[in-house]
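Shared between the two complexes below is subunit A, which has subunit B as its partner in the first and subunit C in the second.
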Partner chain A sequence: MSDATHRSIEPVVLRVLVAAFTIFIIGYILVPILVTLVMSFNNAAMIRFPIANWSARWYADFFASGQWTDALKNSILIALGTAVISTTAGVLCAWAFQRFHIPFRDMWYILIMMPLFMPGVVLGLGVAIAFGGLSIGGYAFYGSRELVMVAHSLWAMPLVFMLMEATFKTIDYRIVEASHDLGGGPVRTFFEVVLPLVSTGIVSSMLFAFVISLNEFVMALFLTDRDTQTLPVLMWLSLRSAGTPRLAVASVILALTVFACLTIIMLWYVRQLRKVSR
Partner chain B sequence: MPVTAVNSALELKNVVRRFGSVVAVNDVSLTVGKGEFVTLLGPSGSGKTSTLRLIGGFEELDGGSIRLNGERIDHLPAYQRDTATIFQSGALFPHKTVAENVAYGLRMRKVAKDEMAKRIAQSLDTVRLTGLENRYPAQLSGGQKQRVALARSLAVRPAILLFDEPLSALDLSLRLQLRAEIKRLHDELKFSAIYVTHDQGEAMAMSSRVAVMNAGSIEQIDTPETVFHSPSSEFVYTFIGESCCLPVRVTTSAIQDKNGEEVGLVLAHRPGEGDCRIYVRPSRLRLVGDATSLPNRLRARIHFIEFLGDVYRYHLKSGALELAADHAGAIGRNVGDTIDIGWRNEDMRIFR
Partner chain C sequence: MTAATQAADDLHATQRAAQARRKALAPWLLMLPALVIVLVFFGIPTLYMVRMSFNLHIDQRLYVPGFTFEHYVNLFSNPLFTNAILTTIRLALIASLATVAIGYAFALLVWLKPARWRLLFIGLALAPLLISEIAIIFGWWMFFPKNGLLSYALLSSGLVTEKISLMYTEFAAFVGLVYVTLPYCFFILLSIFDGIDKRLLEASADLGAPPSRTFREVMLPLTWTGILVAFSQSFIWTMGTYATPSALGPDTLWTMGFLIQEQMLGKHNWPMASAFAVVLVVGVAAVMTLTRSLQSERTSFHV
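What follows is the complex of A and B.
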């Protein structure tokens, strides 16, 4: 009899636990985002609860402010640059790892992955000290967007490398050989056969790199000046002076961009799955 | 069919390939005449695939030379060799349509546009895939994929076609069908080819000549008929066709099994004294009727009987000797019965 009760109770308890856990996780993830979303439509001059009047006033204010739109533009330009630099470097590096025999392979692997686990403060400070005084042809690197792109790529490149190394391993190498066999040299084979085969990985890599750069704050704080500061940096600076709902608007814009990137990754992935199993 | 250097498509001389301490290809010399279809037949690990990959340029030689139409190619990378491989998996480009797959090699060779269209249509027609130009590989069956692979290789008109077990991933009926088709294509187009397989049926059916490989070397290379009927070594005999092995010891007075017991074996020509292995093929053994009138005979007990469809297979035992004999139809004897079996001199081989 006790056996029978066990059997009937156990799945119920399990199901309740799973449901509670799922709700908790979703709530935990969504609450901060939802709160900022709600706050961004507040008509008041300060972030406060409860909301008296709903309005899109702070969105208009955000896009009317040259300082804030410049910061958004900086953020997006730097994120685009980071995506291009880190994806190019990461993809080529991962392909070299896959294709060639490399001496001290594991050591190189650890070296490439290391920046990913370094605190932003350390990297930011390091880049600032190393390149702070550098200028080429009168163009000072300190405070430039390019320097931030390079710094952000320190984080994004290892991630791309890791992702692409795993992706390249899934290629049926006979297909690459077939290309050589039919007269395709290494460069044409790479662009005509290898890259299309890993397109999902490359799109994911670019978007991940873009998101990492967009969200990054500490390195950007070290390396930007008034003209090049990114959205997170400006948010931090203005938070100290005034907590207006403009901050919530900026948060929503960042969150939505990240959400859009993840959606694209998902859609692309599903599309590729359909193609293969069609 | 002797081949002189003048009309040879491919010439391998003392080719060696090592993987660490393992010698995968050991001093292989082989000539393929223009329009000849040579099969490399052997068990896995015999070096047949390694040899093919050396010719295609996917492995580097450790010794020897490879000539294609008289010119050395062993220093060239795969993409500069005028060879075309049909891979076991097909290795089609999954992101390209059938037509784009076939066009790939032509584009790499900078074939003119209208010529390219003509050749794509022609090759797809040759392998009977006209109408599937715009399909993607994922939309094709296994047999269709291999046809595309074949069309893709034929389109570039290579000096030699290299087949790397192209049918081994397909099921039996499809395999037989494609095998016949490759044979038909070869008769029609007269391309030079090397075909790697572990399936002796394929080797026999398609080849001008068969090279039987073992442990990195070619044991025998000859026409399918000669290899089948006059195997040059024990390995070739046992690898081609089914065979039973009777290990015996011949003394001055008797023929014994491995336990030293005398067996009721009558041989027309007694081998010299010592240990030897007598081989017979199940299909060549006579079970009833004229068995006792044949020059070589053995009395054996029926151990068990298998029905194989075309024939009944009688598994027989005599002392420590075991053998199998096929007979079309049941012979009306049961397990445990002792029967006489006989065979002709030419159906037996003795190795020591």
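What follows is the complex of A and C.
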């Protein structure tokens, strides 16, 4: 008797729980995003709800401020550099792992993946104390964008490597052999046969590297000075003093840049699919 | 054998030797950029950091070369520092448990829902991953305070009569921390669920098991490894993430990451910051090793 009622009640309870959880998770993930989006169009100088007047005033303010546009420029330059460095290094390394016998393979694999599991604060500290005081031929490492690019590559490169290792496994190697048989050297085969085959993987990993660098701020905080500070670093420093809707604008602009990258990946992917189906 | 064929053979041999050498060298050349990055910008700084942690810190200079265990002794005896270590472990533990619970339910939901919802939910789960941690912090920073959205929403719906603030509480810190780590957990667990045959659920139901029993006796054992990996991944992430708890939590919520930043950028005490970083890395490594051993034990038990 009690078992029967138990069984009839359980599905109903379950359905209510599922619905409640669905609402909770959607709300949880969307709340900070929507709050930011709404606040960026606030006209007032204070962060407070309800919002009385709406305007794009803080967007105009953002783009009129040299400090904030410089920070955005630094962020984009550093992210571009990180994307180039980590994609080049990661793709070549993954190719070596795919095609060659490497002594102590597992050891090298662990070594290359290790930085990905290190907290940003540790990597930032290490690079800052090891290269902070160093300058070669009048070029000071500390505060330079290049040092931040390499530091960000410590996270981005293992990720590219992992992605490309998986991508290289999907290639039909008879095509590579055919290229060799037709007299294509290893270098020419790599650039003219292999790379076009994995172009989607390369574009995706490049954009992921870009996004990681664009969003990262702990390493950048340790390695930049006033002239090279990135947008997230400037946001962190201003949040400590006072929050204004300008910060919301900065958040939206960061997110829009990431969104633009995703759109590029999607468009590229669709294009490749069309090519294949043709 | 004439001198001419001899010379030709020699030429072939040297050519072949050169080719073999090139073939042996090729993987290293290809790996060179990656190895330079890892060895020069990860290996050297790590060794330098370990060495730095034994240097002296005298009268406000960044560091003075020397050898002392003072910083490590200080780390484990000064209540300020021991508290930070305990706080870090406590935060990471609770936040990871919450992340795994929410992530598990979320992944289960996506797995069970019809396929047409899948892409939408995956897009939703990607959002926290693609947003900068600083933007996430700022988003919650506008939600929790007295004049924030939460207080306004509760007030205008009549649930409370006075403005409330949850800002600078441990609850706010947990909400932020879980938000940052949730996507990793979700994707690890979803990939585990995707490897399970859904007909197992039907079979269990046909045999008369209510959903709760199916969950306990079918789903949990099958996803145990995934839970373990997701938990340790969240734990490692929350141990290293210090900006979120320090910005959303109470002023006294000092984590190891926060103290590293404080010692490095505020107090300019490089040896102390390095000692803290070394302990943090050892902690991360310990969690990873523990997970690996638990994982292999589990799989060997199953096989």
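Everything that follows uses one rule, which is that the second predicted complex is superposed on the first by the 249 of 278 C-alpha atoms of A that agree within 3 Å, B and C clash if a C-alpha of one lies under 4 Å from a C-alpha of the other, contacts with A are read in each partner's own complex, and residues count from 1 in each chain.
Just so it is clear, contacts are C-beta pairs under 8 Å (C-beta built on N, C-alpha and C of every residue); 3 or more make two chains touch, one makes a residue touch a chain.
Computed from a prediction, not measured in an experiment: that's the story for all the values here.
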Open item on the list: Let's test your reading of the overlay: on subunit A, do subunit B and subunit C clash or fit side by side?
Closed with: fit
Open item on the list: Looking at A:125, would you say it contacts subunit B, subunit C, both, or neither? Reply first, second, both or neither.
Closed with: second
- [ ] Determine, under the contact definition given at the top, whether A:184 touches first (subunit B), second (subunit C), both, or neither.
- [x] first
TODO: Give one of first, second, both or neither to describe whether A:107 is in contact with subunit B, with subunit C, with both, or with none.
DONE: neither
TODO: Could you look at A:251 and tell me whether it touches subunit B, subunit C, both or neither (first, second, both, neither)?
DONE: second
Open item on the list: As a test of reading the superposition: which chain, subunit B or subunit C, is in touch with more residues of subunit A?
Closed with: C
Open item on the list: Looking at A:157 after the superposition, I want to know if it touches subunit B, subunit C, both of them or none. Which is it: first, second, both, neither?
Closed with: second
- [ ] Once the structures are superposed on A, label A:266 by its partner contacts, choosing first (subunit B), second (subunit C), both or neither.
- [x] neither
- [ ] After the superposition, pull out the minimum Cα separation from subunit B to subunit C in whole angstrom, please.
- [x] 6
TODO: Determine where on subunit A the residues touched by subunit B overlap those touched by subunit C, and list them.
DONE: 186
- [ ] Give every residue of subunit A touching subunit C within the complex, in rising order.
- [x] 6-7, 10-11, 14, 18, 21-22, 25-26, 28-33, 35-36, 39, 46-50, 85-86, 88-90, 92-93, 95-96, 99-102, 108, 111-112, 114-115, 117-123, 125-131, 150-151, 153-154, 157, 161, 186, 211, 214-218, 221-222, 232, 235-236, 239, 243, 247-248, 250-251, 254-255, 258-259, 262
Task: Contact footprint of subunit B on subunit A as seen in their complex - done: 172, 174-175, 177-186, 188-189, 192-193, 196-197, 199, 275-278
TODO: Sort out for me which residues of subunit C touch subunit A in the complex.
DONE: 26-28, 30-39, 41-42, 44-46, 48-49, 52, 102, 105-106, 109, 124-125, 127-128, 130-143, 145, 147-149, 151-152, 156, 179, 182, 210-212, 236, 239-243, 247, 257, 260-261, 264-265, 270, 273-274, 277, 280-281, 284, 288
Task: Residue numbers on subunit B that touch subunit A, as the complex places them - done: 56-58, 77-80, 83-85, 87-89, 91-95, 104-105, 108-109, 136, 138-139, 152-153, 156
